[in-house]
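Below are two complexes that have chain A in common, paired first with chain B and then with chain C.
Take a look at the complex of A and B:
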């Protein structure tokens, strides 16, 4: 399925990354992204920190509206008014993205960081041919490459034209027997000669080659189709292709499988894993499906209401979730066993908090079974636990001597903060 | 291929509509009490006038049963005879009267819609992109003014200011009647004067057209701006615009390449129907500036119940409107590939 070119770029990447193995590609430090709406300030991302290493898939999981997508958009500085990145640092390969200008961001977006959106139905422009949309990425970020290709193609065209001329001269002098074969040859050459070759042609050729590489059959005809003429799975693949066009160092996938049925989901996940293995790039994978996280990711960050509450290697967190919210999420996964048929599915009581007026202290405390007085007062910071997992929860505070602070809250007390 | 079939089918479907409109206007005008001559002779006619009127009624077959008259009219129409004027310009064929005024209407409509579309789309986009800024407020203020101001009032204010007080522009008529007549090649005066190289007449026509065209385009500008703004605002929120931004497209390209074409469909409707409406005649503006184009002709015809002229103008108006609708539908297909016929 994957052809030569991918392997080429793979080896190139290997050289780049070999001296940076286990280094940090993306380092997000204390990111705050707020939206200043008329109803109030929506604290969508409130002090989020995480890292993505080279050649790693980090999963970002959480309920709808917990700030996953806003975090992803902040990485590209695509937060539009009334939103704003208030403070924090996003170090990408050592450069701070937050302080970059719009012009500098244009070179990063779609080039070294690409983003793939949920819902491929609406993420492609309905009035542009798929090929044009793909070609745009090449035209934006790989101009030098295209120019070199263009020169090559034009030279080839010129050679063909010269050949044609030569053959036509031969035709005049040749014997009647040879004339027939020569005529056929001339015809074949004429088909290859193009009247005019532009840089757009080159970009289209590259796009078709890319689609071919990611396993879409009939790539040449697909690039001349409009998005509505393709199936959901094909569209998602085209979105992925857009993300791969520039061999980005970081691929952000914002719920890429949400709108697809399970068969296509599985195919898309396989594809991402496969490409990741070959290209050795890093992926930030946003989803609300824990199953997908377990399948795909190396590490996971669990987000709740604009904060990261648990963060660490997937294996460890799935084996032994520590934060009550993570436990709740795990408990809410339906399992097909005899026991589960008889018992009811576990749920997390309550609703996701309003991000304009989030609860004081730990934002999860109104829904938490273990909520204590201190949870109402202090938002717990992430704390490194023994198995390399970081957890933000007062349950793991070492000094619990203060009995008033660590008193368990009643249901009414928990609800005081909920608006 | 299906496009051709679709167009042919639509054109065939127009035939019953056109006949329906033709019959309706014909019968409705004939049901107006009295006849054109009765209006012409006034309230207290003399006996000889009444006698003359009856003769005329007889001559033009106005005392026949309505269906017979309708049949005669349709027969005439299909032999290319649209009737003659009975009162306004007695004896002049209706067709030549329309040929006199219709090109003026076309000229005014083309200029107004052209200007309004050009500026309106630009203003609408810039208003949507700079949403809720001072620029947006400024543009919206003018757009709202265009919707709210009655065109005849605006026309009169302009006449008063530029025509009367400042004396910069001629405030009535289509051109200065004292100038030498211009040969009618295309019937569009601006083009004819240019072809014959008669720059004085050309400039004269331009001066005459400035105020009416300004009035009309101001009104249409408002509609187009508001429509462009609202549909741009809608499109700019959509996912594929975000995709384009995430690709690294410049904001200019995001707007012009990705968003604008998607926002165009409602704008096409407004522009198309506006143009069709103007071609049918801009009654108020024409009357204010005494332009004597389609709208004025229609009004004059109605005032003196000139059966044939009313029928002809309404018939032409209908043809324009239905073909504008057809063209709009075809343009949809070009703008948005999802629309298939």
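Take a look at the complex of A and C:
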């Protein structure tokens, strides 16, 4: 009941704002997040720009250490010292998040943007019952709604009590056979007002209803359990429930299915898809599995070493990857087709660069088969190609007349920048 | 045929290195129980039947894949083969030597059966240099004592897994995940084994690194004619590297066969569900998703009858919840345990 009213108001709000921001919910512009460590400056996110539209799932894919998670943490300003968001804009519904204070952020986190972390065991409190943890979300972020509900419930109770009084009076004067039905009615009402209505109780009731909605069986018993009593899939579902408790406009999922079996992963992905269809919120889905991206997302951004190298609709990128790194990643996936078994898996030579001393120019050039002189000097910007795909690669430069710049590099030349 | 070696016969190097035509490793009706200890007097109050009745054999030059969800007993099989866990029933044979539960005599056999664990971080001692880590089996199992000789041998091994001489004196924390897994593989190769049990060797790695490791394993197999027992939950990996597959559910095989049998002639409903749950990356791989309800049941209290029946989406037969299905032989290589095919 409560969430329904909330949904309505939210969709109305969305219509207002979507006109204002042209259908873009989150607009990240040239984000730089660096970590100032003793060894040097780790350029974890170095000039990342992307947009998330309303009612869309954007996938962020890349290998370990490419800056996916740091990007997500930056969106919530959860970067801790020695890390810092150096420059860039994060426009959420037209508001810049980067300039917000910590107090203002507390209101945004959980309410408008929710994050779901990778390891459900580490993100759930082991000494608190699951129901209490879920109720906490409601108590922190939806106090106003809860209070309104509470007043409603109390009024209802009052009415019931008055009824009860009236019935008891009637009972004294009524005939013997009418008394029997009256007694039964009184019993039913007493059952209804047995529970004391407090705000915590309301929150608990909401949590159970939420678990029911996301398809966990026996929600009433589950809220009284501790996290260690639940299986990995169930814990992940509790985390998702927590993320959904506030009907946030943006849900950030940081590798939510990495630790799970394929069958459970399929269940969770199905659930996220179903919920997104119902709630019409936007999702930023971070993963290293290209398969999950293909199954779930509308658009995808491929990250490499702090930069986005390819960005566009999933269908187009998977059908025809353009950037050599994306191509390499696709080739590295073992496929289940008869032809693929005979051939060797493609590999990307070398390793992910050290983010303290990244290679000059394009950060992928030491591992790239097509590396040219210009790749060593200029980091290519994202460039719009056909099919709405944006690619950051010098291979697609139009003007290739300068033959010294577009000379192919030898292996030794490529390795000069690698430390 | 050589005679079977059991009981108190001493296992010598000569015995281990003999020529033998049959399978390198044979597992017959293996069962492993873990006790549950509890109550006030710390008595055994139950058993977890991790592996219930598993038989297979592995031949040289071949990769046997064991696939299943977590908690189905895949890792326990590998551990039992290496005698890290005691079996409660069944036999394990290396060539014609019976090796199950003979811990003291295992040392000689360990040269020939090696294991690679899932987490390379946890299987490398953080305080040992690479040369000591990879040289340890040479010292302990082959009795090499000469330091320079060991160093020379270790360098050769590192070269096999594309690492360099400069890596010899480094510590594990200086390496990336993929390189660590290479070191673990080099260590497993040190004693020229016949069989390597690989327990999810690539599941902690990124796809591009996973591809490097898979290609490396394939090359090594061609070079040294090693047999792999490859344990994984990722069907596409086993499709790439495997020859035969056993699909496990709750301590039992539900379907065994060659790659072609399992992937292109799938019979058991569980295998079908597993195959369809795998996220696809292209249009031609995309298929109708079978989403299984619920989760794998507890192995301490498996369901009666076929252990898969509570989650099975096929029409239930009257036998399904009463009796365990028998092995049905569909072809020479393709066996399935399902009432649908039993007749």
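Assume the second predicted complex is superposed on the first by the 355 of 419 C-alpha atoms of A that agree within 3 Å, B and C clash if a C-alpha of one lies under 4 Å from a C-alpha of the other, contacts with A are read in each partner's own complex, and residues count from 1 in each chain.
The rule is short, and it goes like this: a residue touches a chain if its C-beta (ideal position, glycine included) is under 8 Å from a C-beta of that chain, and two chains touch if they have at least 3 such contacts.
Worth saying up front: this structure is predicted, and the values here are computed from it rather than measured.
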Return fit or clash for chain B versus chain C, each positioned on chain A through the superposition.
fit
Examine A:231 and indicate which partner it touches, taking first as chain B and second as chain C; both and neither are also allowed.
second
Just checking: does A:376 make contact with chain B only, chain C only, both, or neither of them? Give me first, second, both or neither.
neither
Is A:123 touching anything from chain B or chain C once the two structures are fitted on A? First, second, both or neither.
first
Applying the touch criterion given at the start, work out whether A:394 contacts chain B, chain C, both or neither, answering first, second, both or neither.
neither
Of the two partner chains, chain B (first) and chain C (second), which one does A:333 touch, if any: first, second, both, or neither?
second
Check the residue A:299 against both partner chains and state whether it touches chain B (first), chain C (second), both, or neither.
neither
In the superposed arrangement, which partner chain does A:249 touch: chain B (first), chain C (second), both, or neither?
neither
Go through the superposed model and pick first if A:276 touches only chain B, second if only chain C, both, or neither.
neither
Residues of chain A touched: more by chain B or chain C?
C
Can you report the least C-alpha distance between chain B and chain C in the superposed arrangement, rounded to whole Å?
7
Would you tell me the residues on chain A in contact with chain B in one complex that are also in contact with chain C in the other?
none
Quick check: in the complex, which residue numbers of chain A touch chain C?
63-64, 231-234, 261-267, 269-270, 288-292, 294-295, 318-319, 328-338, 340-341, 344-348, 351-352
Which residues of chain A touch chain B in their complex?
76, 78, 102, 105-111, 114-115, 117, 119, 122-128, 136-137, 140-141, 226, 228, 239, 242
Which residues of chain C touch chain A in their complex?
69-70, 176-178, 206-212, 214-215, 218, 233-237, 239-241, 259, 263-264, 273-285, 289, 291-292, 295-296
Please output the residues of chain B touching chain A within their complex, sorted ascending.
238-240, 242-251, 257-258, 261-262, 335-338
